[in-house]
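Chains here go by letter, A, B and C, matching the order in which they are written, and residues are numbered from 1 within each.
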Amino acid sequence: MKKITAMIIALVLALSLCCTAGAKTLTIGIAQFAEHPSLDNCRTGFIDGLAEAGYVEGDNVEYILQNAQADMGLTQQIAQQMAQECDLICAIATPMAQAAVNACLDNGKPVIYTAVSDPVAAMLADAEGKSALNTTGTCDLLPVEAQLKMIRAFLPEAKTIGILYTTSETNSESQLKLYKDLAPAYGFEIVEAGVSMGADVPLAMDNILPKVDCISNLTDNTVVSYLAVMIDKANTAGKPIFGSEIEQVKNGCLAAEGVEYISLGRQTGLMAAEVLNGAFAGEIAFWSSEGGDMTYNSEVASALGIAIPAEYADGIDVTK
Amino acid sequence: MLELRDISKVYSPGSVNEHVLFRHFNLTVEDGQFISVVGSNGSGKTSMLNLICGSIPADEGKIIINGKDITRVREHKRYRTIGRVYQNPAMGTCGNMTILENMAMADNKNRPYNITPGINRRRVAEYRAMLSELGLGLEDKLGVPVSNLSGGQRQALSLLMTTLTPIEFLILDEHTAALDPKTAEIIMQLTGRIVKEKKLTTLMVTHNLRYALEYGNRLIMMHEGNIVMDHADEAKQALKLDDILGKFNEISIECGN
Amino acid sequence: MNVLIGILEEGLIYSLLALGVLITYRVLDFPDLTVDSSFPLGAAVSAILTVNGMNPVLTLLVAMVAGGLAGLVTGIIHVKFKVRDLLSGIIVMTGLYSINLRIAGRANLPFFNMNTLMNNPFVKSFPAALQPWSKVIVVLVIVLIVKVLLDLFMNTKAGFLLRAVGDNKTVVTTLACDEGFVKIEGLVLANALVALAGAVMAQKNRVFDISMGTGSMVFGLAAVIIGTNIFKNRQKVNSSTAAIIGSIIYKACVALALSLGLVPQDLKLITAVLFLGILILGNGLKKKVKFHA
């Protein structure tokens, strides 16, 4: 289905290029909030997606890449500058998306965001997923339900799941809320520990580990950057950590039902192409990743003495 | 009247550096007295001034001004009736502020520092007159930051600022020691004039024995936290430089120097 | 032109913060780290009140009061409990983080669909030619009001005392004034200004974010030092003007580094090099002035 859509888009695009756009080169700004493997994957996917739809770098589009290095002041300045110089902005991660939308509020240039966990809470979209502003994008909200189901399959006896999150990340808050809403249906209780900076993670782990049967990660960049410490402590306690994406499983988490960011970025690119072809971005509802790329780490599993449940045997083993 | 009663002060008590500065020290300063205080380094002259002003607390004893016990009164409150000029000319003025600003600020002492204009224009002519009396040419430099002045000019300004508003006690802490002899002479003459005009009760610590003799109506010499010489009025008038030097040698020999 | 507008918007808003830092760092000689959290405090207060329907201009005033309270707490901790200046600031900065979260209710509070300080019927009624400059105009008006009031204040009796405390606190004490109290006053004033900067920033960005204060103190210091360094030998330029210009120059450096279009990773390094260049250039000019004199 997606391929067909893409092909149609590409066709329409090719036609429109022949008929109207001519040789005009479009400037697309890719504004990334921070340096992070997932976000980098978004960027790669985005460029691929646009190329797939006929917008090829050096051919008919050129890219301006900026990275705010998680600096809020810089985020604003990059957004403002891009709002002037670019025909379309791809904003990666929530703060950048908000800054870009705000910067383009007056001139109405399109902003396509990605890696935003909760576009509604971030006021980038209304309850129907659309917007009065010229913006749309893709959402990387965790497939929490799938994750809970998976944890239940791995640990039939477990009662509590520990979650570490950064109090400064709205995305983490909404993910946590989702966990809390859905956990009872799977017989789990959520024990949370909020940190205000990465350096608090080791202490928070010491505090939370005795109270829980396992840890499950959000896509919380601050917490995840301390993953090595977390895994160390969890291994000592003999409790597994479930990740939120493949990179974490590679680094020592037991398993994850996660978002695959390259394809998220690719989808974003396709949506951007649609907008470049003349659609009003606000009319397009944002797109959520359905998740479902289950990954596990068989070495970690055997170290912890946990068997891979039969129904997940066809997942991706990152050690192979 | 200012009284120090039974004052004891020990620095770093209980440590190897323990140093007993005062043990049951007593001093009474009558109103209108101008006391010159001399003594070797470490004899407790400046510490005595700091005790009076509240810059350091006393371990024991009482400090009484006009019958009121001020031993527990905080330093800044004591300055309501006390004016003080320090050895370092930079201590008495604000270098980044102009002469005019410094004087206007000092002129407001004991009144509220609120959000009315800092400079009262009607007073400027008066400031200028006071400055020109100094004969240092400061009257033409009202808008100049004080940090641009020489040490002597700053010290003269400090003295002027300290005595701009009514005070009862003037504390002079070696206030000519950092100046060249000629400037020191000017500042000393100015001091004498102001003290006489305003009838200030004055305590002046100095290393210059000639000034100690020439100015004031009482002279005390301190040594190791005790008063070893105390002459007032006629007895002080009769005092000669040799008498003081003799006493100095006597206590130095006792110390084994 | 558009880049210039962006620089002025950002630079002018941050200049309010720079004025706050000017008071603590230059006037009071107090390295006040409260700034890093009183900036988002102002933003949080302004954002939540705007979301609840308060007039954006009023939210600025409430934000200033909140910032003033933060400064008051730092001051009391430092003066009454004799905690070192840096540490008092750190204590309040740490505590305010949670309070900011409580005030805003969440770490990121957007209000795109509200009337804001720079986006309301009044601003929209500016002539079309001025529309691109509308935010700059609004911020400029605020900055000018603050600057004029601050300059006036610095020449009142209370202002004299504030300047004296950072210059030579012995003078303040011998004038029978409590230097601790004057310090607290200065901290209240400074943090009120910093909170105002945060509030105006939230109004412009239409979002409050808990992490928006990170690095504020460093920014303010850089702006004040760049500004005062450039105008060191020009007596006619007072320090508040210098701080405002310093802030704009800082943002211009960042904008220049951005538009050089080099590898994003190198951005901060290039910004740093630009700062250094400006400081050296400033020193060079000074030498020339001296040579002629």
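Definition applied: contacts are C-beta pairs under 8 Å (C-beta built on N, C-alpha and C of every residue); 3 or more make two chains touch, one makes a residue touch a chain.
None of the values given here were measured: they were computed from a predicted structure.
**Q** Going chain by chain, each one touching the next, work out the least steps from chain B to chain C.
**A** Steps on the shortest route: 1.
**Q** Ranked by contacting C-beta pairs, which pair of chains comes out on top?
**A** Result: the chain pair A-C has the most contacts.
**Q** What chain sits nearest the middle when you go by CA atom centres?
**A** C
**Q** Between chain B and chain C, what is the gap in Å from one C-alpha centre to the other?
**A** Averaging C-alpha atoms per chain gives centres 42 Å apart.
**Q** Centroid of chain A to centroid of chain B, CA atoms only: how many Å?
**A** Comparing mean C-alpha positions, chain B is 72 Å from chain A.
**Q** Averaged over CA atoms, how far is the centre of chain A from the centre of chain C? Could you give it in whole Å?
**A** Measuring from centre to centre gives 34 Å for this pair.
**Q** Do you know which chain B residues sit against two or more other chains?
**A** none
**Q** Quick one: in the complex, what on chain C touches chain B?
**A** So the residues of chain C in touch with chain B come to 153, 155-161, 163-164, 167-168, 170-179.
**Q** Residues of chain C touching chain A in their complex?
**A** Per the stated touch rule, the residues are 2-3, 6, 9-10, 14, 97-98, 101, 106-108, 110-113, 119, 131-132, 204-207, 209-212, 214-215, 219, 251, 254-255, 258-259, 261, 264-265, 267-268.
**Q** Would you tell me which residues of chain A are touching chain C in their complex?
**A** Against chain C, chain A makes touches at 32, 35, 64-67, 69-74, 76-78, 80-81, 84-85, 94-95, 98-99, 101-102, 105-106, 121-123, 132-133, 167-170, 173, 196.
**Q** Can you list the chain B residues touching chain C in their complex?
**A** Of all residues in chain B, those touching chain C are 74-77, 79-80, 83-84, 86, 90-97, 101, 104-106, 108-110, 112-119, 162.
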